[in-house]
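The two complexes that follow have subunit A in common; it is paired with subunit B in the first and with subunit C in the second.
Then we have the complex of A and B:
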């Protein structure tokens, strides 16, 4: 059964690959634009033994993780604040929701004007992209804490700190986890995006693609795209495993 | 062993404000409960029995009159009063053991002492072996046992029970009623049980307090001078149960007892016969 599902999942990529190979092998398309799969494989081979590529992977991943971590911490703090204090929600909530309407990439010109093209601007951008979904998740989670459980905390004379760490955060954990998962996806998009748009400085998977385009090296562009996809899925996979472990107390559906 | 508390309720009244107008929920309730006594409170919904319990635990405040535990005025929640709600209210992210330990989180005493108390109370409610289970893996009856252990683990002076078995099936309920009686005796604690199940009230209470609604007040207090464990089939038990049930009869009892019941015309009396 498991085998069948796996095979079925590979049907579409295999068909696309066969279609791509047929197009280029038969010479129906301009092979400078739509390059043959074999060439991509060859360029992938040379790229994978190039230390610069691995440096790019490392830099992109590090940027992603550090931007994500600061955005996630900020998002949880902000979400908990908005969820627990009606006063804060009235004061900050409307501004937060209004700022959310500004497309993320519209921040880049302003950020690069202020912070230049270095790591600073990229990290702030990635953190900002993580902040929104995590804040919303944490906010929803805190709102979902039941009055019944809050009364239990009162009966057992919980301190403010205990209310935060033993009631609110664990109760909100499922929604926070959803927010973090969305935030991780958004952070990876922002990482690559910032490397594209602030490409003058530094190394990263985004820079590799930009380099490929500058050199009209379509094979390198495709290799970069595949690498971005693979690293992104790996990050999500790790996150999903951590989430499953953290929420093991939930009934499986 | 816990010290059993003496609870005194003197001229207790409570109002809610509904659309700016005061609505009386409890009106001049007075009740003295002896240390180690088991008092059942029965009444129809809306008679303020749950509000009374919430005032005793300290989840509601702002009342007139006095609630005294061992002579001290009750203000807010405290670990000297434990409560079991109708819903088990366990934290789903904690195991059985961790949920029970919530009860001693802010209790005085060392970690080792608390661990021993948690273990003892898990055994007391008959859940040895389930320490590492999560609430979603437990049945309703087992969850309620955990809730009882959590309420007792800090060794409070008074145990308050707010329709604790109301959501359970009949078999589990009667079994847990016997268990509660055993636990109450083992702990030597003062217990107050709010219920709408008259049989439960009579089976467990030394006294049954009957409340009536609008505004909530005490209608009558019935003594249950029967030896424990009580035989529910016995004549004496049934007599007390009927006496309490009589207080809830819609018509005055004299009217019900009158022998001359008017017969309706036969056509209206028709029903299926099997």
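Then we have the complex of A and C:
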């Protein structure tokens, strides 16, 4: 039964691959445009042993993780502030929600005007892309802290620090985790996007792909696309694992 | 005064009387809270933007920051007005709106069909869902270079890229909405001997409506983000192009004006969809 399901899942990809192979092998299409699968495999082979490629992947991942980390810290801080203080929410909340509506990539030209084309603009951009979902998650999490819990904290005469670290953050953890997961996805999109848009500056997976496009190297573009997807889902996988480990004490609903 | 303090219950864990300094802080906080409440929600929300605007005006008047980096607010406003009166803004907005519209139409119908198919047919789910889940992990941006090769950099590129961004949330939410319909509802339909169209219109669609709407909302937002990205990357018209143009001409006022337009449209889309959702859901009486 298990075997059967797996077979059915692989049918469509296998059929598409066969179709692709037939198209190119029979010469029905322009093979410069629709490249044969064999060529993609060959380019993948040479790319995977090329240190330049790994360097680019490493650069992108480092950019992604550091931008994500700063955005996540900022987002948790802002979300807790907005959630716990009613007047902070009134003063900052509307501005935050209005700025959130500026489509993310529209920030990039302005950021590159201010910070130049180097790492600075990209990092701030990635951090910004993480900030929104994490702030929203932390805010919702704080708002979900029940009155009973707050009363227990009051009975125990918790200090401010204790309230933050023993009450608010643990109680808000599931929503913060959801926000962080969303933030991780959008940080990766922002990383690749900023590398596409600022392709002539810096080094990264996105730069390699855009250069492949300029050189009409379709094989390299496909390999790069796959690499983007694989690195992205790897990051998500690791994050999900950390989340499970960190939140194992939470009762499952 | 003394009598009152004697009357008050003296509890063992009562906090010590506040220090004068703490009392001052508390008073200031209360005053701020009262001020914020008195101002009302809208007004208090305007405080921060007005402060930023004041700082921005002063910074550009005193030339703290070079003009190439920070345009004067008056200049940005003037640019916006010029864009409006010359009709350029409407022209570019029209291009962007038609791209989003076509993509929502194409991507939305594919997503709806796919979602319904996956939800209703076990076979289709077994064959297609694993592949779909893998493909939906890939960010839309990753597709763009490949699409440029196949579709060039004209309308076909924008519409195909934005459509891909629309298909994923519509499919997933349609599937989720239909899957989560309580079996009891379907049984009632069976008892009443509903024909398939009746089942669709009277049971499936109303029950899945909240999820379908979530899909639409996510799709519009995704489409809007992808539109701006594609227009920044390869375009010669549209709101995203306004920003690129401003960047190339080293006119930060045009960049800022473009961002304001994009933000305002985002706000309108979000608010409009939220209102529509509430209206469509008004027949629902939530228990909580």
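Side notes on the structure shown:
Quick note on the criterion: the second predicted complex is superposed on the first by the 238 of 253 C-alpha atoms of A that agree within 3 Å, B and C clash if a C-alpha of one lies under 4 Å from a C-alpha of the other, contacts with A are read in each partner's own complex, and residues count from 1 in each chain.
To be clear about the criterion, a contact is a pair of C-beta atoms (placed from the backbone, for glycine too) under 8 Å apart; a residue touches a chain by one contact, two chains touch by 3 or more.
Computed from a prediction, not measured in an experiment: that's the story for all the values here.
In the superposition on chain A, A:62 makes contact with neither subunit B nor subunit C. Touch criterion not met for A:242: it reaches neither subunit B nor subunit C.
When both complexes are overlaid on chain A, the residue A:157 reaches subunit B and subunit C alike. With both structures placed on the common chain, the touch criterion links A:170 to subunit B but leaves subunit C unconnected. Once chain A of one complex is fitted onto chain A of the other, the partner contacts of A:250 are limited to subunit B, with no touch recorded for subunit C.
Put subunit B and subunit C next to each other and count what each touches on subunit A; the higher total goes to C. Shared-chain residue A:149: touches subunit B; no touch with subunit C.
When the two structures are aligned on the shared chain, A:86 is found in touch with subunit C, with no touch to subunit B. Common to the subunit B and subunit C interfaces on subunit A are residues 157. Contact residues on subunit B toward subunit A in their complex (touch as defined above): 57-59, 77-79, 82-83, 85, 87, 89, 91-94, 102-103, 105-106, 134, 136. Taken together, the subunit C residues at the contact with subunit A in this complex read 13, 15, 32-33, 36, 41-42, 44-49, 52, 68-69, 123, 126-131, 137-146, 148-150, 224-225, 227-229, 232-233, 240, 243-244, 246-247, 252, 255-256, 258-259, 262-264, 266-267, 269-270. Taken together, the subunit A residues at the contact with subunit B in this complex read 148-149, 151-152, 154-159, 162, 166-167, 170-171, 173, 249-251. By the touch criterion given at the top, residues 5, 8-9, 11-13, 33, 86-87, 90-95, 98-110, 112-114, 157, 185, 188-189, 192-193, 196-197, 209-210, 212-213, 216, 218, 221-222, 224-225, 228-229, 232-233, 236 of subunit A touch subunit C in their complex.
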